[in-house]
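These notes are about the structure you will find just below.
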Amino acid sequence: MDAKRRPTVVLGTIGHDAHIVGSSILRIALEEAGFNVVFLGAVVPPEEFIDAARESAADAILVSSLYGMARIDCQDFGAKCAEAGLSKVKLYLGGILVTDPEKWEETEKLFKGYGFHRVYPPQTKTDVAIADLKSDLGVPA
Amino acid sequence: MDAKRRPTVVLGTIGHDAHIVGSSILRIALEEAGFNVVFLGAVVPPEEFIDAARESAADAILVSSLYGMARIDCQDFGAKCAEAGLSKVKLYLGGILVTDPEKWEETEKLFKGYGFHRVYPPQTKTDVAIADLKSDLGVPA
Amino acid sequence: MLAGIPLSMKQWDWDYFLEQRKSVLSLWPTGTELQGEEAIAAGIEYHKAQPWWKYASRRNERSMEEGRIQIVPQVGHALVNQTVEHMQCSEDLKPDRWYVLTDTYTRKSEYAKAQDAVDRSKRDGFSYLNGYPLAAHGVAGARAVNECTRAAVGTDNNDEDARLPWEIALAGGWTWGTIKSIEELIQHSRDYPVDRNIHNQQYIDRLAAHYTENGIPILRRASANLPGWDSLGFKVTVSLLEVLLSAAQGVKHIDLSLGIGMNLVQDTAAIQALRNLSREYLDRMGRQDVKIYSWTYFFLGDWPLQRGQMVGQLSWNAAVSALAGVCGMYIKSPDEATTTPTGEGFREAMEICGQVVRLVAGQRLPEGEDLLVERAMIESEVRAVVDKVMEMGEGDIAVGACRAFQAGVIDTMFSPYRYLKGKVKVVRDANGALRYLDHGHMPLPREVVEYHKASIARREAREGTKADVKWIVREATWASRSMIDEVAERTY
Amino acid sequence: MLAGIPLSMKQWDWDYFLEQRKSVLSLWPTGTELQGEEAIAAGIEYHKAQPWWKYASRRNERSMEEGRIQIVPQVGHALVNQTVEHMQCSEDLKPDRWYVLTDTYTRKSEYAKAQDAVDRSKRDGFSYLNGYPLAAHGVAGARAVNECTRAAVGTDNNDEDARLPWEIALAGGWTWGTIKSIEELIQHSRDYPVDRNIHNQQYIDRLAAHYTENGIPILRRASANLPGWDSLGFKVTVSLLEVLLSAAQGVKHIDLSLGIGMNLVQDTAAIQALRNLSREYLDRMGRQDVKIYSWTYFFLGDWPLQRGQMVGQLSWNAAVSALAGVCGMYIKSPDEATTTPTGEGFREAMEICGQVVRLVAGQRLPEGEDLLVERAMIESEVRAVVDKVMEMGEGDIAVGACRAFQAGVIDTMFSPYRYLKGKVKVVRDANGALRYLDHGHMPLPREVVEYHKASIARREAREGTKADVKWIVREATWASRSMIDEVAERTY
């Protein structure tokens, strides 16, 4: 990505999910860290993430899901992005995706299968996400 | 046992065990229930139970043990009583005998093997013990 | 943000209700069996056959007489039998109520999707829903759930349009539900019109009132299940407005349930303020006959992943509630930080919280100086905002509420609702009480603003930092922070 | 009940100590390696090499500065490695101290039996002891235990003669232990002479003082680990006497640890009373330089068998301790109602109690009317008894204590100690506070007796029963009663 430009990410909580605290916190932390954040809030249809990413020529899309329906909401998210020609855009997913907390590996595998590059366990710290973003986007830490 | 006479029991906490609350409570409950209680208190050597039972011509001996050493303190209690010619005396044991709470059956079996007629799990209610005594000694409830 | 529905807080006349009802019942097949006024009469008959202890309102009166604090567990799975099994886990502990949460699809009136998830759940013997789909299972389902327990069964009338689920719940013998006239939008909604939401809730309250007029004491519950980072004053404001809107429709039994922030003094003050102000405003409205009861809802903020920490947090929530002297509490369970709650989890939670309540016994937080001041501040904040809302509605709260949203008179920090200004910033003080760092356009009295600033300043002094968004980020995980991370910072 | 040992509370001169020491060290082989004054010097050298945070006294000062409450877990198994493993379970949670309990044989100075149990434990890879046999494992064992953790390691100098174990503990780098001059007899003993027990403890205190004079700040702890059914005033009396006896031997750092009764106001009042009176009496003794710290020990009464209830009880103990504003607390663990505690159990307990403490944060029980009155009553009770003891000893507490036992001036409800009169009866009032139903021959001021009677009368009125032994029987399981049994009594 072009070095002059501030890295841009699209962020929001997907589907009918109203849990907005986590993504709001992420937004603050990302802005503090120098990212340009397109914040969509909560209860956001998948299409809206994609449109926003296209319009803003985003480097990454950060999807949050807490309410336990991620499996359904995210099933074809990767495919949709590809169709929309966003295959270069990094896709991150976090929140509370698990149905059985014991089996995190399975959960991660499941959602990576849906096209996400990184999938995060519950209560991942903001700095973890930011560090990953910087390395994935080649932003000097 | 002779019907005119009040049923007599010897009661105390065995070995080096200082836990006296349980046996004190039992004492009060037994006296309230009309028993004649020879109360030895706590930290009582096995021999003292036997002597007291002989002197008082007791119908039963109630042994309490909480501190986790019952296995050692009670090993030969039944045998000692037999030697002393107390084979007619009912022997009860209670308190906290278990080392592994999961396996109560084993614990019960172990201590019955030591010669106790009844062995009670942790926090047995006083009325349970009293009811058993009455039926064992043929006292009208 | 407005659908342009003619709105007023006045009690609906019954004919208007019945006219609305037709369209409601046609939203989904399970509604059609309720067509006609006879169906309502039949529902009331079913209720008349129920013993008094199936009624949350009666249990409130009784437990207060006994000085006993109620402890309420929660349930909600895709299938009736899954939901019943969950409830059976605790039946021998005799919960006073069961709090049945509906699933997200039902809450969005996407009844077809809910039905589809039910079918798949039946097929796979697994719950594909995060709550109980009231509409999908209809009256038969509701009655099956109701008849599996001695508890008073009720629901959270969540999300924009809960009119049909409420019709089914009442016909099913359920005896209480939650008021969501305003909170709903702040909690769950993105852009649902304020007027329509209030109108939907008026329908729900009006039906409850009709049952009550016919001798069935239905209870409505102002829940303030707002996120744990919200100001207590704000929660009290929202609840008070909902209490008044609900009473205006003729509801006679109302719980004043408050989602606590976990600061003992501030929560107690808020509970007392809500009770005092509700009584005062209700009486002024001429509603002296409305009975109110104080309740708490456990902290809806960040829950620790470590089970031990979560359990400690549950216990503290129970201790705060008991010391505050509530009528009852809505609890959470140890495994809830990461998954939809289980029956076993709630059984354990009932034992944990029950023991705390037993040990607190008759003890209450003494009326110290801190408590008096905190309560006075909350009351003065709430009066200012509620009176402003009334003023904006020329005395009509329904009208005023709509305008208050637009004007930022009702506003908070985290909400999916687009029509909120979102100018408010709340942080914790040194003792964990919630304070306004920025109150946006809310018409707070000067004394209140300064009181909050002062206690923030004390924490700033103690920590040698300035309050800013970094505090907000850190406090997002104030309660859930892992102990290992915390001690790791200690050099010895 | 007396061995006729010449007794006085005055500080032993060092030569007298050394003379006593010979026989002590010859009690068991592991003692012989400590023969001679050089051995003490060597022990002090080992200590000088330890960092400040190995000292409970320093950690007290530091945590008070930081406003951080310490949470102390417990351990004790037959073998060193079993004990170390248990401690390792929580090392990453950085406990401030480890509380190492010795086993019953060691406590009865039956070192041979302890050694035998150690051998069998090695053989079967199972712990045949209910604590850690300090004497059996000697200095090497004590150092191994000490060096496996960053925490300050200490022990409960329980049972009649703990002189040898204490020698080994100090030589092993342990930095604190419990004062048992009087409590010991009430707790564990059947007929051990009072004078000998006090004399043994003077030995222990004198050695601690010697280390302290040489720059090693050993901490002694008045524990009041008396049963949870004892009166709080009685516990404060016992602790105060022990604090004064210990200080008289030259001890400079003393914990005022109090076994709580689980009534928030009464426990807080007792903690404050103990602190106030200790300071006052120490100063009057000219011991202004003795540093004191308030601690709690979790309720030593009936613990619930249901894990959930036990966990709720642990949390309430933590909440009471934190709200009372202690420096630290000794905790219990969820599985302790029935078995000797495990490492995993204590790790969980640290998470549970740690979370409660974090949430309580800076909150303290406000100085309400109840608290003031309760504290005044406890202080007046304790003054009366302690002054009586001094009077009986013509100013010498050691002497007075002996006579006080005989006279029933020191007395309680449940004790294995034959020389106690056992005339006292204690019951709970409506809020769970402990009250004298009968205070036997204890010289309580009239106001105190009436205060207790009055609050018993309030409960009688409420329950419509008369206080008697039946209450005592019922209250033996007041806290541990199963919730199912309780709700079973409810008719609905």
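Structure notes:
For clarity, chains are labelled A, B, C and D in written order, and residue numbers in each chain start from 1.
Rule of thumb we're sticking to: a residue touches a chain if its C-beta (ideal position, glycine included) is under 8 Å from a C-beta of that chain, and two chains touch if they have at least 3 such contacts.
All of these numbers come straight from a predicted model, not from anything done at the bench.
Separating the CA-averaged centres of subunit B and subunit C is a span of 55 Å. Computed from the mean C-alpha positions, the centre of subunit C lies at a distance of 45 Å from the centre of subunit D. Chain geometry summary: the mean Cα position of subunit A and that of subunit B are 68 Å apart. Touching of two or more other chains is recorded for no residue of subunit D. Chain contact topology: the protein chains form an open path, each linked only to its neighbours in the line. Touching chain pairs in this entry, ordered by label, are A-C, B-D, C-D.
Remark: subunit B residues 13, 16-18, 20-22, 24-25, 28-29, 32, 41-44, 67-69, 72, 96, 98-101, 122-123, 125-126 touch subunit D in the complex.
The touching residues of subunit C, when paired with subunit D in their complex, are 51-53, 62, 92-94, 150, 262-265, 304, 306-313, 315-316, 318-319, 323, 347-356, 358-363, 365-371, 430-432, 479, 483-484, 486-487, 490, 492.
Contact residues on subunit D toward subunit B in their complex (touch as defined above): 104-105, 107-108, 128, 130, 187-190, 227, 229, 302, 305, 337-340, 413-416, 418, 469-470, 472-473, 476-477, 480.
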